[in-house]
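Below, each structure is written out as structure tokens.
In the two complexes that follow, chain A is the common piece, with chain B as its partner first and chain C second.
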Partner chain A sequence: MSVLECKDLCKNYGHAPALDQVSLAVEPGHIVGLLGPNGSGKTTLIKLANGLLTPTSGEILVCGMRPGKETHACVSYLPERTAIPTWMSTAQLLDFYGDFYADFRRDAAEEMLAHLNIQPRQRIKQMSKGTREKVQLIMVMSRAAKLYLLDEPIGGVDPATRDYILSTIIGNYNPEAAVVISTHLISDVEKVLDEVIFINQGRVVLQSSVDQIREEKGMSVDELFREVFKC
Partner chain B sequence: MLRKLMKHEFRATGRIMLPLFLILLVTAFGANLSTRGLMSTQYRILDVLGGLLITAFFVAIVGVCVMSFVLMVQRFYKNLLQDEGYVMMTLPVSVHQQVWSKLIVSSVWFILTVLAVILAACIMAFNVSFLGEFFQGLRGLFRELREIGAYYAINGTAIAVELIALTFLSLVAFCLQFYAALAVGHSFANHKMACSVAFFFGFQFVLQFLGGTGIFAFDALNLFDFLPSWQLNGMAAVHAVLIFCIVLVVLYSAIFYAITTFCLKKRLNLE
Partner chain C sequence: MKWQFSNDAPIYTQLIQQIKVGIVSGGFPPGERLPSVRDLATEAGVNPNTMQRALMELERDGLVYSQRTAGRFVTEDKAMIETAKRGLAERHIKTFLAAMTNLGFQREEIVSLLRQESGEEETAHVGSGM
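Take a look at the complex of A and B:
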């Protein structure tokens, strides 16, 4: 069964369409790149999967259900911005995730935080922007979820942090789960992807495996992206 | 899950309210010192200090009351409709649990604020004879109640309970009016806060309009012409009016609650 499925999904903001007749399916055990230029509808799609937006028409199913509190229990979501409560200390944040998510692996999170020399009593607001993003990613990746939805996880961070983020994703995701990474920084994520979905102006223009692109088109995902989205 | 939401809500709000309560009680102690002679010494500096302590006490009372109210609005706004909303609205909990947790915790802080202010006032007014006078007053009250009879004692207590319930429910309704205005305002793409303020006053206008026209309509019904034998004594009328007001407040609270949950479920539009 697909962990994420969209059927003729449409979302309009006023009269402007953000997603138009999107149909796709994401299977478990795959790392999928949701790739497209800015404003292509990537974040809208991820928000719809999280129930943060309601579709204008069509259907979106997560683990076979419409987004709601049941699907929230099996989805681990990394928003495009730092959303963890900044007044909390790291220990309080661990309590928070542990309280609400049965699949939260506190020991894994503590190990990753210790690796970054982040003290349990340290407050989130005392951390730099980059450290906050790392802490948020650690919380998200410490869950044994069925679907990870990561919205721009490497946007706005330095190359060293990008490597740390990608290695944290690869090293900690549940292998039976699907990971959807939304980004426009293709070259950085290409090496970790199994599959890609190209999205432009709210429409899916391509869904293919990375190996297929390399074999059939003879080019990397980054090269194909530049060709498809040439201005 | 509601219990867990409330636990973290208390954590978030307690770090602000508890120190404020402590400040209030400390300033009450300071004000007590002033009333016990600090301001009537021959030393001008002690007079000034006494005056400052009294001022600090009143500022603390206002501060605690304002803060409990501001916190109620701010927690809903920041925690559900701003960046933290991305975490909160994707928790495996229902929108109803989210709203109830905010509502219950805010109500608890309102009650604790009232109790803290009463306690602070007692600390400020406390002297050796204070407790004696207080209990003497209570004894006098019960003696008088016995004298005027069980009818007035029971009805008086019932009216007090009804008034307290009405005050508490009005506060809850007031919270829900803010929640509804914020939820509706933030479902728009632009000028979210301006829309929220406009909706708050819009709701207020509608309530007053309906209340005003309701009274005129009730008067125009001429109920007593239809029911000439229906007589209500003064005490029953007071109860009837208070219970009617309670039902009315519960009704418009329910409407604001429905608006809030509908917007958070169907029209959530985080930046």
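Take a look at the complex of A and C:
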């Protein structure tokens, strides 16, 4: 069964269509890049999958269910902006996640935090932007979810932090779960992806595997993207 | 091991090449157990399914073999490793010859230039006299 499935999904903001007849499926075991220019509908799609928005028409299913209480339990979401409570210490944040999510693997989170030398007593607000991003990603990836929705996980951080974030995503790979990464920093993520979905002006323009694109076009996904979305 | 990828070829074929180089150069010695798919993927910074695909292809070629519970191992067949080495060398030579031909060199000139470079490296750079 697909972890995420959209059928003729439409979302309008007032009269402006943000998503237009989107149909796609994401299978377990895949790491999928949701790639598109700014304003193409990436975040809207992720918010719909997460139940933060409701469709105007069409259908979106997560693990076969409409987004709601049951799907919140199996979706781990990394929002575009840092959303962890900054007044908390790392230890409090671990408790908080443990209370909220039955699938939270505290041991895994503690191990990753220790690896970064982040002390349990350290407060989120005392951390740099890069460290906050890392901590938030650790929390999100420490859940044994079925679907990880990562909205711009590598935007606005330095290259070393990017590498750390990507290797954390690979290191937590689970063949029964799917990861959807929205980004426009394609050259950085392309090697980590199985599959890419190109989205433009609310429409899916391409869904293909990374190696299929490289094999058939003789170019990287990044180069193809630049060609398709040339301004 | 250092992993590097170009833009013009599939990632799994590049992984195959680089693991082959690792085996041929002794980075992964004959008979040695390979790291797990996840560890290799993390090290190379690639998708685990792509790494899996590369290892399966190497398995099909016989350069690595898997034991159901113990993991994947490099072949102990030295002759097979030698053949892989030749294969990699031929690819380098073909690329080199194509580049030299493109520069306008004839076969004999290329050979003599190679002799000069490998035999008299200490005499610094000799002009190619084009």
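A few comments on the model shown:
Going forward, the second predicted complex is superposed on the first by the 230 of 231 C-alpha atoms of A that agree within 3 Å, B and C clash if a C-alpha of one lies under 4 Å from a C-alpha of the other, contacts with A are read in each partner's own complex, and residues count from 1 in each chain.
The definition used in the following text is that contacts are C-beta pairs under 8 Å (C-beta built on N, C-alpha and C of every residue); 3 or more make two chains touch, one makes a residue touch a chain.
Quick caveat: nothing in here was measured; it's all calculated off a predicted structure.
With the two structures aligned on chain A, chain B fits next to chain C without clashing.
Touch criterion not met for A:E110: it reaches neither chain B nor chain C.
In the superposition on chain A, contact of A:G51 is made with chain B only, not with chain C.
Shared-chain residue A:G171: touches chain C; no touch with chain B. In the superposition on chain A, contact of A:V192 is made with chain C only, not with chain B. In the superposition on chain A, contact of A:K69 is made with chain B only, not with chain C.
When the two structures are aligned on the shared chain, A:D163 is found in touch with chain C, with no touch to chain B.
Touch criterion met: A:G218 reaches chain C, while chain B stays clear of it.
In the superposed pair of complexes, A:E27 makes contact with neither chain B nor chain C. In the superposition on chain A, A:V210 contacts chain C only, with no contact to chain B. For the pair chain B and chain C, the minimum alpha-carbon spacing after aligning on chain A is 27 Å. Counting contacts as defined above, no chain A residue meets chain B in one complex and chain C in the other. Put simply, chain A touches chain B in their complex at residues 13-14, 47, 50-54, 69-70, 72-73, 75, 77, 79, 81-85, 87, 92, 96, 99-101.
For chain B in complex with chain A, the touching residues are 1, 4, 7-8, 11-12, 15, 79, 83-87, 89-94, 189, 266-270.
In the complex of the two chains, the chain A residues touching chain C come out as 29-31, 163, 166-167, 170-171, 173, 191-194, 210-211, 214-215, 218-220, 222-223. For chain C in complex with chain A, the residues that touch the partner chain are 5, 7-12, 38, 41-42, 44-50, 53.
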